[in-house]
């Protein structure tokens, strides 16, 4: 048994945020599959940025999100549940990515998520660029069958290729649908805006029955209404949630590589994440495209809201009572 | 007489923002109690961060807020009043805090606020961590009797202790109520969210009759409705306003030590501060938990909105016409 | 012919954001008037900050906005039009400003904008402090006659002088109206807040028939309603749009010299810019007061939203079909 | 057994710098005393800044130094030894510090260092403000007898009190000598400069036989000559090395709270640390006063040189062959 | 009498660095000429950047240097003198500069320095861009006669004009020599490097008998030898020292507008400043071209070394015993 | 003809640093091979970071170096030559790199450098991670025959693989020697330090006759002596200079991905670059591993010294008189 519990040394008070082992939410940390026994949710890092088209830096995301995650613990003031009480959550460490070898890194991500799913747990994956959705969703789909997908993003990420490159942070959703791992008609996108992709991609989306909900609709109809439509589209059955941090307005998440002004507020996104986790049958989720943008001695608001998203997902899972 | 007027040297134009004595809002600066005669409001700094549980740095808050305060001067476009015209405001400098001696520093804060109140003026205190609310509110309550309290914050700050430490930035409100300086049934909290505190603290709050208004209600009902409820709860009689900058979403106030995503907008908070100062019988206020987060050559948005809060309080006081 | 097309070397994929010639939106770059033939819109930089009263740095704005502009290309998801497809847009480089010689720099700005207008194109000017509005609007008005003006800003910029200085970033609109280049009754301001200017300036504004729409109204009535009023005020006939980035809340645009908390969201402003460009008869526009505030290796959210504003203006122009 | 080996998952290549468990130098991580068996050196964090007189932030130092330590591994190019090969090194985590309770935190530091020494290992302590030298040296001295001390610093840290506070980052060396834990005549200071302390403190130093080597001497005589004198002064017998990062010029270590320009270069200090570890009989060492000053996505040069110092100490220990 | 003594409120310990009135070195602050009576040295700010050719921001220099100056107090470890004990030093505030009006600002600088000199004190001026040397040296020369000048800088600043502008940060020394305020044959430059100015300027320098000592000579001969030559050149009689912070390598002073790699170290420059102040007959000095480059919560190494330079000048003046 | 001359619009003064087309050193900019006719030196960007093992961001290097290059122009104060006068230098833009496709990007780099060499010009390549040395040196070697190589770096970059990846920023020099493009016995490394590579790599280096000069030797013998040895080793015949910015101490170049404390000073490296360019028969050079680390509104000291290195190389080439 190789699990380390960050609270052990600080009994009975619990670890201060800035001290001790920096696991997600100060959860027990392990790198051994044996320790996944009985675990409800395993946090996994996917530190990768080899497949981006703009600013790099998401390889540094998982570490930053873990550091930012310390403040999130206790009973959720609105939901009335403490997810760390309701669920057994561990930090399972990072996938064994290989610098400058994205194929090997994708394989490592698929392997570690597969281990989590094989152990009967839900994987919450900290990215990493959005290309990681391909291996992490595939690892889930190969074990649960084709998945429903709820996808928050400024962009659809359904390109066939980007700059002629097929495995990219702009293409995972196209590939997953075409591979049969995501069911098009159970796939909903929320927060789309800006100037990408183009007609060809949207035509393909229509063919596959994908529900594309633009940011304009969030602004006009409100998040509750739009989220209800997205949750309806995904419906019952195993589902995955993929949250690209750039769905937020850059004011709320400046640390990302393809920021698009005019996006969601943190309050809306955090609420939506809790709701979807409470209502869908999530088998996994990822939070991607976080680039640390602040000194360690300062609040990194992007990493902080990313950690908050994970915690709202956990809270929703705790409410869900399927576990 | 030791008052220095920063505008003197620049007559008739007034001092540029970046030049000359950096008093709050370019107000006359004095450290002598004698100069408080006839003053309506005295700005006081409480540069302290000895009692925080997370990121330090609020000891640097008062200086940063003063620097950021320069742009705020003139007739308020909505309120139609120039608070520096309607009220005699001075900058009374910082409490004589002692590095690494929080007890002595609290005593100094209580002393300086007491001097202001004794002189018949309202103290607006620039924090500092939220522990300063204990001495600054006590100084007011000892002279005005038990106070009503309106408290904007992501957290209730009503812990009995934090990490076993009783004097802390997480406990001032518990202590003030228990000490009889704040009347529980005249105490309203606005903006609560996240995962702290827990059942025990909320049970105590209910016992004491405290009104706890969550951020969720601000989002659902709007700030006007929630503020009205809070102002009703506080009601007539001497009152204090305590504004923890982390009530704002980190997008609006990244420079703070326990940021909690999903919070208020600056527009809502600024408006609320003016309203409450206009409607309540404020005897003092503090703005706390500001950590400078930007170079001097850049807009520090946290310090800037904190300065704006102070100015809206002043504007509300000017509207209040009780002075 | 001296135009350079940044896409040429990367055919057929187009230039990556971070590589190659950093023209606005990767548009063809030229400094020759001859190349303006047949051009619909020319982007022009006005790198100036000699006339500010607070933080300097806007001389670095045009370069930063160009760098941030790379992500904006393709069909607008809401508008269904690709402005670079619908319009012939070039980057015409920067005005030949002279360091520490604001008069010469203003002359250079007036000259370059005049060249654009003489070529029959619309000038979109990247500031620069707001003083540049005087030469750039004058250059348009001298060729199109007195203009309507829609002006987004926290401040009216209608001072007679600032610190006794008449040519300033706080006075351009007063001067343009008094010079007859802007028609007061066709001039609408949106987003005003804070404590400047005072009664004298507002009295003059009333005399000239200027429509002043405060931020309070945007918060209370919504942007759609307020924008409709502003567009009505400007009405038909040649018009100019002047967007001071400080109309945004500092959370959305921290990189500016006279930030005023409590402002607009990016989503509202971006939408408004597209609408006004689609509905008015714009002969030019400027986006001003942007100070780069982030490292090159990070998203500069201020420059990014400024680039987005330009792109929404272009999208609106493309919808406008007057070109 | 609760040790986690960060290299396990990445076999045979070893962990990339930015991924996986962020233990110091990717060493096995444990919080159990049982795992110290057979260990030569244990890295220990002392995340504390409650006792500073200037800028806070050193509570964030240990985490930052660990993150920066990743690049240091392999055979030292000059020394020809791989310290991780020659010595069994573990990361023993952080002392169980308590926020806002410096007495409890000092006790925790003394306890954890005591555990290391009891296990027969050398403790390398990552600060934290310099007050931690008191508990960490005391823990060693209580087990090894009065120690020799080599102390790199801009300041002597031999005040009797600072602002009337006796336990402070300005007083540890006075207290340790007076407590009998450091032998005055075996105590050498290197790098002193600036304006502190005063005559009283230097008179006391002379009485105690302390060797005070100013920065001026390093500049005039060279580091080799000055270091030889310091090593001579310490001589044989158990010794401790205390490295205040502010002995470096702020150009080399900007992230510190009481920076003093005109200091040492990294090259000199790194070399000196290796030499002293190779020549003295070190029973422990600390590296203190590091405040993270750069974003996670950037080289934090202060934390990086601090990590380098630790690695040179390890290299010197490996050369020392006493282990 | 309007002097405020920042130590008064903190008796007997003195003010902490981060608290209270931020005068230079916590010296008594006054804006009244009457308070200059009996003063040996008055610190004066010249917050100006209207006349730069590159990055702006030096208008923010004086405030940043004052903030950084707090750590400098006590007996100089090498010189054995406490300048604040030996000399009566006050902070006389900033010149009444006018935003966007460099001529008025220069007049204000000349006036305030003149007031200091008229009171029989030495003026130490905190810049501001190097153009301020023209009014501050002229104010001294008009009262003391033509001055010797020792000038540390990467550039000679002896252009006739820059971009056709005669009053500029690149021209003050040419103008002062031509105006007869600086005696060419008593004028020595130290630290020149890079690619400016050209043959014409150097020819003029030779004509005027100016001693130009390149950085190459500092590197080859050492600072002591080069400084001796410079001091010899200036010789007896009233003299001024002008220190452009860019004489330092950008590693030691990144916060400046025309940084030139390959420059001096802080240790050399600090030593030189003390020496020259001790040996020459200084009637004034300025430290210029400092742009704040770090958050308030961090060490600003440029402002810090600038404050150190002022303090070494004061220490040298104290040694000089002419006062 | 598609060359654009940035000075054209500003005649006769020349372009200010912050305005106009941001070509290297404000040189004429072209992307057409035809314009290379008669050119002595072409600046080429290689914006790539796909092959790093640590911090990414060097894809942003060329743009940052160009921005920083503006200050370098005129007659070199020590060398007495203006390289832009002596040599015809153009900025040939960036290689047509493809995001996330390092093989294609390497091919593009090889192609653009080949074009420069084919035109009879010297290529100065702005990196980019150090992997770019493989294609850029190969492009030169294929046209000039096996090259001598002078290589400044903290690391040898002669790994056979890194993490199992053969094309990497840690392997180019191994590959170039093995491919026969660099002659081992004419290859000198300067500045090595730290803990990488290991015995195997150094054994291979010895076999190939490579001269490895450690940083220790620069510190002990001085740069002049060490450089002379390196230049001797390279000797006559076509040669290439590869400058990894991490040869500098992180104080002088914090913006790099594998910083190693204890390195060279800027003054030494700048001098060495000029000397080697003056004495060797350079056919090309690259400056690599620069990550922008400062806001656009601030001096980026890493990019600035990188630009200075290029300019010293140009100055040395101008002195060389082989062109």
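Labels A, B, C, D, E and F are assigned to the chains in the order they are written; within every chain, residues are numbered from 1.
We adopt the following convention: contacts are C-beta pairs under 8 Å (C-beta built on N, C-alpha and C of every residue); 3 or more make two chains touch, one makes a residue touch a chain.
All values derive from a computational prediction rather than experimental measurement.
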Task: Copies subunit F and subunit C - interface residue numbers shared by over half, same or different - done: same
Open item on the list: Measuring between Cα centroids, which chain is at the maximum distance from subunit F?
Closed with: B
Task: Averaged-CA centre spacing for the pair subunit C and subunit B, given as whole angstrom - done: 37
Task: Chain centre separation (subunit A, subunit F; CA means) in Å - done: 40
TODO: Two or more other chains in contact with one residue: find those residues in subunit A.
DONE: 13, 16, 18, 53-55, 57, 59-60, 98-99, 163-164, 249, 251, 291, 293-295, 297-298
Task: Residues of subunit A defined as touching subunit B within the complex - done: 13, 16-18, 70-78, 82, 249, 251-252, 265-267, 270-271, 294, 297-299, 301, 304-305, 308, 311
Task: subunit E residues touching subunit C - in the complex, by the definition given at the top - done: 49-57, 59-60, 98-102, 104, 162-165, 167-168
TODO: State the interface residues of subunit C toward subunit B in the complex, per the touch definition above.
DONE: 53-55, 57, 163-164, 192-199, 214-216, 219, 249-251, 254-263, 291, 293
Open item on the list: Considering only the defined contacts, which subunit D positions touch subunit A in the complex?
Closed with: 1-4, 8-10, 13, 16, 18-22, 29-31, 45, 47, 57, 59-60, 62-64, 67, 93-99, 291-297, 300
